[in-house]
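Two complexes, one shared chain (chain A), two partners (chain B, chain C).
Then we have the complex of A and B:
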């Protein structure tokens, strides 16, 4: 009974903290705008199948490249498909893949960085040199290699993106851990004979969590841009699934006379990236993180 | 009086200077190639990696098509066959020199054509020359070609764009030098960068009007269009019709639409399940609405084909109708043991800008027949090496060839570029019968029977022959409005 009470109390505290952070974020104009854009895109991703006026894959030679009208708000593309329908559905796959990709990046990057920061020595040296080596490989080349060999399914893209965007998080988590391990409570935990795992879980994570979360939020927007670049090159989602990167790629050659086919996905993609960036910035400020040093202040 | 003489002298000198400068080659003409064969790209016309954009300007054939598409003289001045068309005598043009200064003669013809049959070279054009058993040098400018069968259309076969004349014994170096008798001389060969050609002042048809030609490697189709828009190149013969509006009415460009025998297609490997079953292949072909593809992909500028590779203007073309028939497609799939349809991955690349769009449209059309298709992008740079003839379903494109050449080269059981790995004894027999038949009507029937067989069981789906949208910079003048291989490059000029 007592334990349940403590647990309820803890959950209540977390909820209160989340609400407080959100309130602080929304109190700044940039944070408010960022949050609104992000929430709008997330809602759109969930509701677009019910809002779409036309079938996103229906081709029709008689409707090729129609200019925006009351019937087709954003016009039609080179295969006669409704651009509005494809635009509102275009963020679903990208959001899903990059959200889970970011989670994977946060998990492995964060945990490995904390572990290296804590144990130090040769293990830290070896692991960090491997991370440096991976950081020197252009991610787009590595991704192209992976999707060429393994295909472009979600099962391939999510872990691959998660791996390549997690490398940077390793460094941030390690730096944040270095700041924490010199503190008295870590020394005291060591003196009490706690294992490394116990110290990581109970002492370090609560103190570096915010810095890693903010870094993860920023990585999300980079990953979104990266994933759209892959789609632009034809290595993201497969047709006919609507995707902003693919839509921009297909319509870029028509830009001079059918601008509507390319403007809508560009606005969709750029607004989502701006929304995530503004939200991540506001999140960092609300938590008291200075992103210029990427370490707790 | 002295002044008058002086004046006349000055006038005469000025006239001669302006006359000579008017006839001199000047300006640079720039075009692109897609680096289709990567590092294997070379200047040996009979190999797989031949860079034909260069070869067609540096080397000549014996026979070519004139501006009306009729077989006409190039390095051969005239020819005649014996009574049963098994021996053909060609008289050669005199006074023609190669770029290295040597004279062109009958030995060069024998060497150039017989090396096509060399198994060590493994030329894709080998099948075209399979009927030639020997070439006899009658005298320095006469050759007699002996065939193993009657072949009434033999001179037509020699219009193949790869059968170019090179100096005798130059086989080991031709891939880099590109030496021929053509209007341009290779100055610098850089397959992955810019290849530079200089005008050949001694060209037998007259010195070219342009001083240099730059052939630039640009693998991506969209990048080639952008290169044309920004003035990096002067000509693009692969502009998608969806982009025609960009150039229409723009005074900086000239736009022309040229019907051709070039075709695009989707290849199903006949040695790979489920496409090893002819009923499945026929079902896939029946599921295609070809007119819709023509309208959506080519903006209407193409001629519907019923899986025949023979050009619409070719005398042996089989014209038939092949509307989409979903009901029959489903029935065939059921008979083949696939009542719930089949799944396939269509491999595309931007090597040919229309391939991804064709893939998307096919995906929707196939869905109606229960064929679930995924469109998968592959790297354009390595497409011909890693995807084509490797994956079960891939896209293809071919340039126009005479009926006999294309039917042999893409479908004959022993052909190197038999891309669908199609093997049919009756098809091969029809081709052999056609070659040996002196009666035109009977020969035509044999070629058309071969095409009927393709409609029933071939592995390549050919929805249309493209009309080519050729866009040139407005500074380009006198470019013949015909297919690529018949252009007289020496007459072209730039402002």
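Then we have the complex of A and C:
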């Protein structure tokens, strides 16, 4: 009975803590703006199929490159498709893929980093040199190789992006672990005879969790940019699925006379990235990881 | 009457809380510093003593602001001055010596250059004159061969030498007022005594006024003419040093003095209940009300004013100080320890233990060759009986914590064996020890801020050993946790708190509870009280003693503080540079004859009594490495015999009282010489 009450209480505590963190984040103007943009984009990703005024793949040669009007708010593109429809739906794939990609990056990067930091010695040396070797490979070349070998399906893109963006998290997690590892409570747990797994789970993760989460949030925005670059190069989302990277790529040649077809996806992509960045920044400040008093915005 | 050089008038300093309330850290401080006088400011952490010292040089820390009042120096208010004007005063008229000289000296600049910089800034001397002045200053702070010291980098000096350089730098501008913020706190006992003696000499020699801030009444007693006792941001007692130390008429000071363990008294010191209130927690009444045993109703409602008692030349903030004056005849009544006769029932035995930090080369590892002929810890033979408290004493670098870690299995011994429970050898490797051995030996660390996971609640912290060793869960786990908390006198409601919500003493209690959760046979205590305030220290010592009597636990107690060790231990082992010097029952170790090193240590202990001056028998040189052969203490020994001490390892001699001393000098001669002093 009472035990259940305690665990319930604990869940309530966690919920309260999350609310408190969100409140602190929103209390700074930059954090508030970031959160608003992010929430707006996420809502849009969920609701855009119902909000879209036209079919995103309906081609109409008679409507080619129409300027923005009351009928077509953002104009039409070179195939006569509605740019507004395609813009509000263009973030869906990118958001989904990069969100799950970041989760994978967080998981493997975080755990490997913590493990290396705790174990140290030769294992740590070997693993970190391998990570360094991968860090030295331009990721986009490696991605192109993977994509051209295995195709551009979601099952390939998510783990591949997750792998390449997790490398940096390994370093952050390892450094955060090193800060904790010398503390007496770890030595105390060791002297009691806890296993490495138990030390990682109980003693280290609660103390490095925040740093890794913030790093993961930053990686998310970079991965979004990376994924859009892939689409831009034609290796991400395949047409006719609407995607900002792809839309920019298709419309950039017509920029001089049909600027609207480029500007709309650019605004969509950059606002999302700025939103995530601001949110991650505010998140770091709310958790007390980033103690600088002045936010960049 | 001497000239007053600094006046602090009605000074209140505070900060704004998140909710926008103004919370004061210093409340209405008024005091004067006279020319040539040394004033000691004493108080526990958080009493506002450092804030006051900083305000005296016109500095208020970031986040704090001056609410009211002024600090007048040379008829101008420092707190209202601009930075430009303050620059002319700081360093020249008022100088500061910080706590940690090692961190306040720039690491990549030579000592001479740094002092030269100070001279350039504060004087108009030419290059040649400055060079001369540098040697003069280094000479004044009694550093050997000033010319070579000036060419060294800070890291090439010992802690005591660094502190001397800091004193020298502060004197560079010939200041009228010297502010010292805990200048000897991080230093070894012997070094501390030497630095204090130097400060006394400088005060007399130059006639500089000093403000000496410290939590340590022992240090304050040695240097101060006048003492200010601070509590919760207020001056509670102010008067001549001798009167305050001999006859403290404020209940806080009275309790504080009683809670300091003293060399001359065996047994545990009295402890004061509770802890200092948080800033802003108390809005009316006396700030000491909760902890005071003289408290009455009026103390709760009204806050007492600072009242001047002319017969004692002392100001006191208490309604009932007369009661303490009446009580003065009462003798120090220390709590007697229950010294049951400890039966010879060996529980732990260290035989020829050596520990080395040196890394072995791969080739030597393969050939199983021992390369380090001079390990950090060597030839330790100690046996510990069940229910006994054995103390390991020594200065920093004496290897006492190293030995503790190897008993816990955290460090591998290089040679020798550690036997537990009727001669069973404990494995060198922590992972090879079985669960019941791990359970039987528990550790308590120095700093509870580091030894408790900041992201765990007290409940989670205490649950860990219970789950690990006894597999408890659910209702029973919770029942056990509550029991443990009761044992260390903490209420049930502490379960949901995080370490950051507890005071220092409460945190250490949780750490003690965690060690006892394993139902251990031996508890290793690593400087468990040195991070705590004096009044809290006494309470923790009393708690440890009580738990030991209840559970029959054996303690191995590591400390640098000889008085604390005197209070709690049954037997003492004195270590120098990782070698044993002396071991014996604690009542005998503190008496002569003793090893020359013990003699030096005992001489340097600071008592909160202006009449007991430390005896400085040896230089405070610190050696990096123990000597290859001969006696480990040859470098500093005041009674060195000559080549014999340098070449031959001294034999163990056992005195009439069961005290073993490792020295070449015959034990009878040693006794004669030491008692003759």
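By definition in this document, the second predicted complex is superposed on the first by the 290 of 297 C-alpha atoms of A that agree within 3 Å, B and C clash if a C-alpha of one lies under 4 Å from a C-alpha of the other, contacts with A are read in each partner's own complex, and residues count from 1 in each chain.
Quick note on the criterion: a contact is a pair of C-beta atoms (placed from the backbone, for glycine too) under 8 Å apart; a residue touches a chain by one contact, two chains touch by 3 or more.
Worth saying up front: this structure is predicted, and the values here are computed from it rather than measured.
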{"item": "Fit or clash between chain C and chain B when superposed on chain A", "value": "fit"}
{"item": "First, second, both or neither for A:238, with chain B first and chain C second", "value": "first"}
{"item": "A:96 touches, of chain B and chain C: first, second, both or neither?", "value": "neither"}
{"item": "In the superposition, chain B vs chain C on chain A residues touched", "value": "B"}
{"item": "First, second, both or neither for A:148, with chain B first and chain C second", "value": "first"}
{"item": "Partner chain(s) touched by A:270 [first = chain B, second = chain C, both, neither]", "value": "neither"}
{"item": "Degrees between the directions from chain A toward chain B and toward chain C, using C-alpha centres, nearest 10", "value": "140"}
{"item": "Touched partner set for A:252, first chain B, second chain C, both or neither", "value": "first"}
{"item": "Minimum Cα separation, chain C to chain B, after superposition on A (Å)", "value": "50"}
{"item": "Residue numbers on chain B that touch chain A, as the complex places them", "value": "222, 225, 240, 242-243, 245-246, 292, 295-296, 349-350, 353, 356-357, 359-361, 363-364, 374-379"}
{"item": "Touching residues on chain A, where the partner in the complex is chain C", "value": "2-3, 6, 183-185, 187-194, 198, 202-203, 206-207"}
{"item": "Chain B-facing residues of chain A, complex", "value": "57-59, 61, 64-65, 78-80, 144, 148, 151-152, 233-235, 238-240, 250, 252-254, 256-258"}
{"item": "Of chain C, residues touching chain A in the complex", "value": "408-410, 430, 433, 435, 438-439, 441-443, 445-447, 450-456, 460, 464-465, 468-469, 474-475, 478, 514, 518"}
